[in-house]
Amino acid sequence: MHNRLKTKFLGFEVRSPLVLPAGIMDMSFSALSISTENGAGIVTSKSLTLEPRTGHKGPVVAEFEGGFLNCMGLCNPGIVDGLAEINEFKERSDTPVIVSVFATNVNDFLKLTEFVNTSKGDFLELNLSCPNVFDEFGIPLAASKDEVHKIIKAVKKISELPVIAKLSPNVYDIVSIAKAAESAGADALCMINTVGPGMLIDTKMVKPVLFNKLGGLSGPCIKPIALKLIYQTYSDVNIPIIGMGGVKCGEDAIEMMMAGASIVGVGTAIYYRGIEVFNKINNEIIEFMDENGYENLQEIPKLEKLLM
Amino acid sequence: MHNRLKTKFLGFEVRSPLVLPAGIMDMSFSALSISTENGAGIVTSKSLTLEPRTGHKGPVVAEFEGGFLNCMGLCNPGIVDGLAEINEFKERSDTPVIVSVFATNVNDFLKLTEFVNTSKGDFLELNLSCPNVFDEFGIPLAASKDEVHKIIKAVKKISELPVIAKLSPNVYDIVSIAKAAESAGADALCMINTVGPGMLIDTKMVKPVLFNKLGGLSGPCIKPIALKLIYQTYSDVNIPIIGMGGVKCGEDAIEMMMAGASIVGVGTAIYYRGIEVFNKINNEIIEFMDENGYENLQEIPKLEKLLM
Amino acid sequence: MNKRITLKIAKIKDEIKDIKTFSFKYKLNAKPGQFIMLTDFEGGEKPFSISDCTKDEFSITIKKIGEFTSRLFQKDVGDLVSIRGAFGSSFFISNGKVLLVGGGYAVPTFYFFSKILLESGANITLINGARTKDELLFVEKFGKLGINLINTTDDGTFGEKGTSVDIARKLLVSKLQQNQLVSKPQLGDNSRFHPATAGWKRENVDKFDFIYASGPEMMMKALQGVIGEIEYEFLFERYMKCAIGICGSCTVDPLGIRLCVEGPVLPKKIVEQLTEFGKYHRDASGKRILY
Amino acid sequence: MNKRITLKIAKIKDEIKDIKTFSFKYKLNAKPGQFIMLTDFEGGEKPFSISDCTKDEFSITIKKIGEFTSRLFQKDVGDLVSIRGAFGSSFFISNGKVLLVGGGYAVPTFYFFSKILLESGANITLINGARTKDELLFVEKFGKLGINLINTTDDGTFGEKGTSVDIARKLLVSKLQQNQLVSKPQLGDNSRFHPATAGWKRENVDKFDFIYASGPEMMMKALQGVIGEIEYEFLFERYMKCAIGICGSCTVDPLGIRLCVEGPVLPKKIVEQLTEFGKYHRDASGKRILY
């Protein structure tokens, strides 16, 4: 990997600013490996829950112009098997791993944290925002700044790893939630999770395309929403942001950084550009730096902080 | 126009279920005409305010994959000149006109209503949701069910035209807002307005692309969000819905109807398919009816009402 | 084509007082008559016609008028600006005998157009008009094209004396009379017409196949009155915001066609139907402004 | 190709007990070895290999196993289902002498493949295996193709007696020995092998250029042991959810390649690296399930 792509994130030196986000090509140690081999600098596990989950029945993905709906339903092998995969990955790779976990209450988050403490993971990410389990769990945690604060505060007390809060875009006031996370001790923010949710209908069969009816939006079309929320948040917090949502090319990644992201997630774009997307974007970032006279990522300016 | 496209909306017989939405190609009588000549069944005026507004400085539109951001900033010639254009249109056409008006408080909405009462418009639409004037006006009215109820109730008392409430998609609980509108006497709902807002950055100049920084999302990529909100609302209210958001082809319009829309708006698609888009979609709707054995629009089934 | 591209200003040329040509190294692929939207992201995005466009370069020629253009005039070579386009309709490429009638900052687009017309073998007469010598644009550039160039000033300080329309009337009315057309244009004062001094050959302007105009709307309105039956296209300007045909700012009455999509170049059969032509246009709010 | 299309079932054919072929009138443009995702929107969307694909029709052959396939078996001609695809990698189209080894519901994809192979001039030997006569699939359809068809049953109730791999071993090991290859496969019991009764000509099977397998994973694992140095491709099955390469359900260890994109057909050089091959696969939650 090119030296000019090196960056620091929470004390780790990473060889590329590109992150494999939670839930995308990360169910097994080998899935994590292939992203790193293709240029990702950090990888995130699927959001793990205490018990295994088979997820929603299919169809679980649906394409539309500009993106995808998904309602995977947090399928995962459970924290024990999930961490085993992560440990197996870490035996083969020194790429930092973010362990994503999902729960609906403080107690379960604490139990998950204890498991993660025993693993070889490098960061703990709290998925506070999964919109695909509304039915089951009600309003997402990430919509309540008090809940967010409470959970992070509790987790931070026992976590041996830096804690990242993954925020939902589907809230009125992202800044107050981000600040709640920061003041509770979160070491970084990850934003955004999927947008919406949305729905599509099969007009011949008069049925929702997704069996779960609703799915979160990801892919290129959510980029403007991600940029807005990241920019807004960056102006008001002092912890680093993992920016994601619709990044598909080098310019998109640069946009994220200018909006305030320290490192950048690339998820759905794997569909559009293949698993090689990480290296492609790495190269495009270097081209951008060449064309615009930046020596390294640290020189890439942030957008002026402005009132929204 | 084909007989099979005829439908009823609030007592009016319209020759096509397609509506020109507020803010799109509707600043003048002749702009309204060209959409009707190209197959729109109902046209909506630009949202009119008491005083003329020149709108935001440019750039006011920005394209991304799957849609557009816009921050027109409610530019309009003001209620007096705006209604003059509508009257001029009505002298030449019997196509029903929805007069869209925008204000930020009950008093101004009432003043606008009095003006509209004296016009040749056929419906009064209250734009409660413009997201492009957040800075100026704070949280959109449409996010508060009490505000929505209060405004509609007051307007209904004096309006001589049926009243349509245009709702914002950017709310937690669309159903409670829709119900508030219904219980206040709204005759129909129009949904959705633009999504977000979002932002794009010019990476070479490190500047927001839109001078207003933020703009609402429209176009194909917001369709899943529109369908979800319309479906959810349709299950819980008994007034008709004008469905819009990303409709680009006949199948999209059918999806809207199956989700619960009585008639369907087509806005941004004018960019993608030309002003002829209305006739193109009309034809595609007929093709769809042919292929699937529906005689007329009334036969097109709604999705089963289901709990979300 | 709505892709946005941010470019360095490659060249700035002072043309006359308050008019500069800005050039960019970029393969724009524009057609003559089309325009771009230009912004510096400091407030305002404005339409400008393309005054030259080669395989890898293009230019726009801008008059300093208000806030936006004034800010533009402070920019230097190497500064960045951002464009979208090219947008809109373009001039019909005739290969016959054509008359181009231009005035003010709208003339330079005829430079790009003339080059394309020459390629297609057209015989070009261009009336390049201004109020006074200091306001005449592109005199040298047009001169080098080898077309029948008629420079004209209202006050006679350079070239012919008279307005562009005065000159056009001389050329066209004689022709109209030859053809014994029914329409009876008002002739006005032809005394300022001195073909001998113009460097343009009388025999070439006998019969025009096509007339094009780009200039102040009242100039085009007056021109329309002397054209008779000849085919023509006029380049119109209206307030533009989106340039992609959705906002409706630029529609013209009573047809509702959009000058950013169906225009800015409109053919005779459309122009003849425009009730607002020469009467009013609309401002940024959509309010009518009388000419 | 991720476009969703909703189609009427055009034909349903009972093949054997619990296996039916569903045909659709649609120009799928699939390649042999590829699969589609099928749903009825009643819960579940599942991958099925394409068993035939002509210019305007395609078929899938389905075994009733669980909830989804049982519901499918209740559908009638004219009922609607919805598909995405075709997805995934496809078999290399050889024009040489090829051996196809199939077992169970995974055999029918070789019908589509054989037709394409014949077009390219390949010489095909197909081992069509099942446990017993009633479970043999496509005997007639394969018979009509004019290929070297070796039907075989574990219990000898039809065709050869023995597993597909037993038959393959006979064909390949003799060849291997002829070529004096180094690898020493375990021969096992060859006594069930009666070439005389097979309707297949000894001389045709001397030297294969390419071997393809589609069937239970343990069959392919055993087959791998007798292949030696010959090039091969195997069709794999793993739990699939998105089929577009983002969810990660279908990746195989230790390479992390996705069977819905880089598979389901994998070449020798990949298969040889798979540590999970014949050992485990993953369920809907991603948990490992041992074979």
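As written, the chain order gives the labels A, B, C and D, with residue 1 at the start of each chain.
By definition in this document, a residue touches a chain if its C-beta (ideal position, glycine included) is under 8 Å from a C-beta of that chain, and two chains touch if they have at least 3 such contacts.
In this text the structure is predicted, and so the values were computed from the model without any measurement.
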item	value
Given chain A and chain C, the chains that contact each of them	B
Third chains touching both chain C and chain B	none
Furthest chain, CA centroid comparison against chain B	D
Rounded Å distance between chain B and chain D, as computed from the means of their C-alpha atoms	53
Between chain D and chain A, distance of the C-alpha-averaged centres to the nearest whole Å	38
Computed distance of Cα centres, chain D from chain C, in Å	69
Cα-centroid distance, chain A relative to chain B, in whole angstrom	34
For chain D, residues contacting two or more additional chains	none
Multi-chain contact sites of chain B, meaning residues that touch two or more partners	204, 207-208
Category of the chain touch graph - line, ring, star, complete, other	line
Chains grouped in pairs wherever the two touch, ordered by label	A-B, A-D, B-C
Of chain B, residues touching chain A in the complex	64-67, 69, 134-135, 139, 143, 172, 195-201, 203-204, 206-208, 213-215, 217, 219-221, 223-225, 227-228, 231, 246, 248, 251, 254-255, 258-259, 288, 292, 301, 303, 306, 308
Residues of chain C that touch chain B when the two form their complex	2-4, 6, 37, 39-46, 80, 82, 241-249, 251-258, 261, 282-288
Of chain A, residues touching chain D in the complex	23-35, 37, 46, 52-55, 57-63, 68, 70, 72, 75-78, 81-82, 85, 92, 202, 204-205, 207-209, 211, 267-268, 270-271, 274-275
